[in-house]
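The first chain written gets the first letter, and so on, giving A, B and C; residue counts start at 1 in each chain.
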Amino acid sequence: MRARTTSLPGAKRSRTRSPRFRAGGLGALTIGVVLVLAGCGGAEGEDEVGAAEPITLYTCSSDETVQPIIAEFEEANPGARVELFRAPTGELNARVASDIRSGGLRADVIWGCDPLTMQSFVDQDLVGGWVPDNASGIPDNFRTDDYVGAHVLYMVAIHHTDAPAPEAWRDLASGEYEVAIPDPAVAASALGTLGYFAQSPDLGMDLYEDLRSNGAVQVSTPDEVTIGVAQGVYDAGVTIATSAYQAKEDGSPIDVVWPEPGAVAVYGPVALANESSDSQTAKDFISFVVGEEGQTTVAESGSYPTMRDVGGPTVPDGAPVVFPDWAAIGQDQDTLLSEYQKLFGG
Amino acid sequence: MRGDAATTAVRRGALVAVATLTVVLVLFPLVRLAQTVGQETGGDLTPLLSSPGLGTAVRNTLVLAAAVTLLAVPGGTALALALRRSDVPWRSFWRVAVLLPMLVPDFVLAYSWTQAYGRAGFTETLAGIGWDGLLGPVGVTVVVTVNAVPLAFLVVAVGLATRAEPDLERAARASGAHPATVLRTVTLPLLRPALAAASVLVFVLTLATFAIPVVMGTPAGFSTVTTRIYANLSLGADPFSFVEAVALALLLVLLAGLVVVPADAVLGPRLRARRVAASDTGSLDTGGPGGGRWVAATLAGYLLVTLVLPLVALVAAAVTRAVGVPPVPSNWTLDNFEAVMTGRTFEAVTRSVVLAVAAASLLTVLGGCVAVLERRRSGRWLSSLITLTLVLPGSTLAVALLISYGRWLADTLALILLAYLAKLWAFAHRPISGALDRLPPDEMYAARSSGATLLTAVRTVALRPLAPALAGAWLICFLTALHEVTMSSLLYGPGSETLAVVVLNSQELGRIGPTAALSVVLSLLLVVPGVLFWLVMRRLRVPDRPPESRPVEVLDVG
Amino acid sequence: MSADRTAGGRADLGLEARDVCVEYDGQPALRSVSLTVAPGHVLALLGPSGAGKSTLLHAVAGFLTPSSGEIRVNGHLVASGSRAEPANRRDVAVVFQNYALWPHMSALDTVAYPARRRGVGRASARAEALDILERLGIAHLAHRRPSELSGGEQQRVGLARALARHAAVYLFDEPTAHLDAHLRGVFLEELVSRQRATGAAALYATHDAEEALGLADEVALLHAGRVVQLGTPQQVYDEPVDLWAARLTGPASVVTAPEGSGRLLVRPEWACLGGGVEGTFDGRLREVWFRGPHSDYLVSSAFGTLVVREPGPPAHRPGEHVSWSLRRSWRLTDDGSDGRDRAPSLT
């Protein structure tokens, strides 16, 4: 005889949480919580008398650089408020892409970490078309008609103290070193470097091919390169100058080299969102950042400023620097990446 | 009858709530993602599908998922069987300890393994032994397996408790079967549904694994669909990359759906225990002395290698002055911890804890609802559906939610909460579902016929035996929400930074020290709830009793 | 220990347990239990739940190890000190209270299982199994799964499986607990006839006195892990060692002795209404129950309240004055305790 599973009319096997349950109580509860949390976070601006609307800044530069800038700007402009979204380049891009598809870019100002990404934003009609009057204080190499550079990353070479110092970029591919390079799909600075090398007549994609055939490893970020070399996992690598000097100062056994023909300068541009072209606060902010005050703050925070003679870390005397042709690289970007990924995987 | 009306009202309320949330958290975002792909490719997927390296990534993902399943399910089963013996010293401790590799955030696990066993790692510095193959497919497989074994263990342990009652195995032994034969002829066949369920879960979760391949696979050129999605989103400024990322995510959902939906349909009814198990704790008297001590020793060794040593290496990195200097006491410093424990960190931790508590509580309730609703045939699709968000990589789920609700909820904690709910819902209902199976229906009937309404009966009769499962579900959701990094870093806004943001910022600062310090702090944040949980479980657990004082219930036969 | 030759000609030595102690989580579950079951005999373990019946069975079967004491099955030492032979190597078979049938195997395969473990090929094992099922009258259920069987059928399959083991000792763990009265009777009949036919010894645990007295050759009364009394059914019924044992083994009334002091055990059928040889006493009828073949009268008197059983339908009504007398009685110990801490008395 079959066993029967009986059930009383209307009975259920069991439930969980108890007396709070009324019909739909759960739904009400969830919605309630969501609404409460929707109130939290987000702009908490109680409008002060005469206060301007807060502006939103998207950036991928480090907290250490951005926070003091914001603080000083708000001090210099009472009533102004800057709301910050700070994420690594990759996440920043994803955020912008999602914004676009859900009602439009929510940033008023974007402070990027490389010109290529910013250029693509310009090409998508998101930002650009305006530069502050004091933009002329920034060298030509670091600005265009749509955006102005606020800080610079220099891609340098580092090597473990046990290994000989490479003098030129070429030396890294000579087979003497086990090399680590950062991933251009993750780090914009690496992308800029890739672009520069690929377009440089002496180096070209051959450099990467040689690196690959000599066992070079691609890691994610320039910082991982620094760490890897410091730990002795690799002999040498390509990384950002600030990261390298910091590690050296901490006591890691590495040395920094600005190789021939030059360290690659990748500047981080600031641009105004097209939708916010009537926001005076946003314009003021950009002017501040590329003005003397802002640049001094950038320098004090430990990053290389774009403006000259404002203190902070400087390029060592006689160290060669090269400035990539971003427009040209931008056009070839896809080809470059896919060629690179054929070598180093994606 | 008044009782009936109340019951129906409650049930209907739950159904409405669950259905609404399923649409909000699962269906709508998926639809929007599909829409994005459709719109931006104009329906033509060929350029997408012929992307170089895509085939490799897909193949890697599938092979990884298969390999991990083939390793983790037998591993978890062995653990569950071994911990059933009553002669294992400190048994209740081990039952919690084996869960630790799953509770440690997977990026911490991956990171600490590289610190411990990689080149220039802890073991190499101290003993000259390093594992060169750590970075790459083998290393990724091993660490993902270590992360997945506890999950398989949980599922199989529940299966053992409900289907493989001790008397069935005693009958086999008394019929002349060796312990190994008992395993082969009685225990494992009874466990088949549980084994299948564990395999499905592990497979799907491995499809979605991200942090471990990124930390340990990418440096060696080993890519998976998830790392590819991440790379694509990083180039998200380029519309093509963005669409490829979304399309790949949908591919993962499809793969998962292909596995989960049929499995749930076939296994669902079989997993439901038709007989109520004897309510003993599932301990087995094996009669063989000393075996238990071997089990304990093996477990200790396993946890030492897979968890303790890596975490020690992590702590060492956290207190070391700089990268590359040996981790000897003269180089120790607490600077890294100082750098990390700022006011902003505390704020972020508080927010994360609040969010995690809210998420865990809501999820336990929601999970319970689904566990109840899926017992009827009409509700079975529910559990398959919510498993789909489990497989969506965090970054894509975040993007999906942003696209769907960004207009109204951008930069709010609510959006992050929704992300947690969507991602973790599947975690919540399975343990509760398993526990519901073991609830004897007679006890509920007795309460009802003694005059209790449905709710009162639940509160007074069902809640106590369900408490461990509810507590377990709550804890898992709490810890996972607390450690969630990917989605929060995309969805946060000013004023709603979570712990994730702090961790990422520190990673960006580039020094191992602060990152390791934060990871240590994160891991400590789980010790306290873990210990509390263990204490609660000890009180709630039915103690071992001699054979005849265990009540035995039998299937109701006509 | 002499070998017994049974009708079947096998030299079986039955079961012997000596000073078996079992501790569970620090608490003693069995205290120094000793008993012997000769081949072909049934020893019933009678006691309330928690007394240690299942623990003893599990110790004999090999599911747990006694902390001290010896157990011999068919002359072989299977447990001594803390060393124990595994269950599958002992010459025992077990019938479980909740049947313990494997849900994924048909009745036929379940009963064939012990033969398969002996190394018999599948076809022969199945043939043997079918044979046993036939003898129990359930061959038509051979291909059913447990979920398709009723309780009684399941229990018979369990019995068949035990029989297939051809063991020297059978252990029954309250096998009829979940069967209705009719099924119980049928099952017990089969059980006893099968077991005697094979010449094996049987240890039968139950909390039902009637069942124990009915089928056992010897009864052991178990209380809190100790054997309180060991004797034939007649002995434990007529001459229980204390009040507790008396109450366990059947309906019991206690009265003060009419002559002298002390207390007497009076079973319902030991008293009668009306005058008697030894003396007649007065009483008042409090309640009457008609039981079918006889009637029970609750009589209160100067010596206490007792139940008197008389054949036939009720002849008196409650409230009436009646006279009663004792045909026989049994003197209980004077210390007035329930016998809980008494040393085991061997008769």
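What we mean here is this: a residue touches a chain if its C-beta (ideal position, glycine included) is under 8 Å from a C-beta of that chain, and two chains touch if they have at least 3 such contacts.
Not measured: the values here are computed from a predicted model.
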{"item": "By mean Cα position, the chain sitting nearest the middle", "value": "B"}
{"item": "Chains linked by the largest number of contacting C-beta pairs", "value": "A-B"}
{"item": "Whole-Å gap separating chain A and chain B, where each centre is the average of the chain's CA atoms", "value": "32"}
{"item": "Geometric centre distance via CA averages, chain C-chain A, whole Å", "value": "82"}
{"item": "Whole-Å gap between the CA centroids of chain B and chain C", "value": "51"}
{"item": "Shared interface positions of chain C, touching two or more other chains", "value": "147, 149-150"}
{"item": "Sequence positions of chain B contacting 2 or more other chains", "value": "274, 555, 557-558"}
{"item": "Multi-partner residues of chain A (at least 2 other chains)", "value": "1-3"}
{"item": "Residues on chain B engaged by chain C in the complex (per definition of touch)", "value": "163, 165, 167-168, 170-179, 181, 185-186, 189-190, 274-275, 278, 285, 287-289, 543-549, 552, 554-555, 557-558"}
{"item": "Interfacial residue positions of chain A with respect to chain B in the complex", "value": "1-19, 21-27, 29-30, 33-35, 37-44, 56, 62-64, 83-91, 93-99, 101-103, 106, 117, 120-121, 124, 160, 183, 185-186, 217-224, 226-227, 229-233, 243, 246-247, 250-254, 333-334, 337-338, 341-342, 344-346"}
{"item": "Interface residues, chain C side, partner chain B - complex", "value": "24-25, 29, 49-55, 58, 61-65, 82, 84, 86-88, 92-94, 96-104, 113-114, 117-118, 147, 149-151, 154, 158, 161-162, 164-165, 171, 178"}
{"item": "Complex contact set, residues of chain B against chain A", "value": "1, 3-4, 7-14, 16-17, 20-21, 36, 52-53, 56-57, 118-120, 214, 218-223, 228, 230-231, 233-239, 242, 245, 274, 321-325, 358, 362, 364-369, 371-372, 375, 395, 398-399, 402-414, 417-418, 432, 436, 439, 441, 444-445, 448, 454-455, 458-459, 462-463, 466, 470, 489-490, 492-496, 501, 504-505, 507-512, 555-558"}
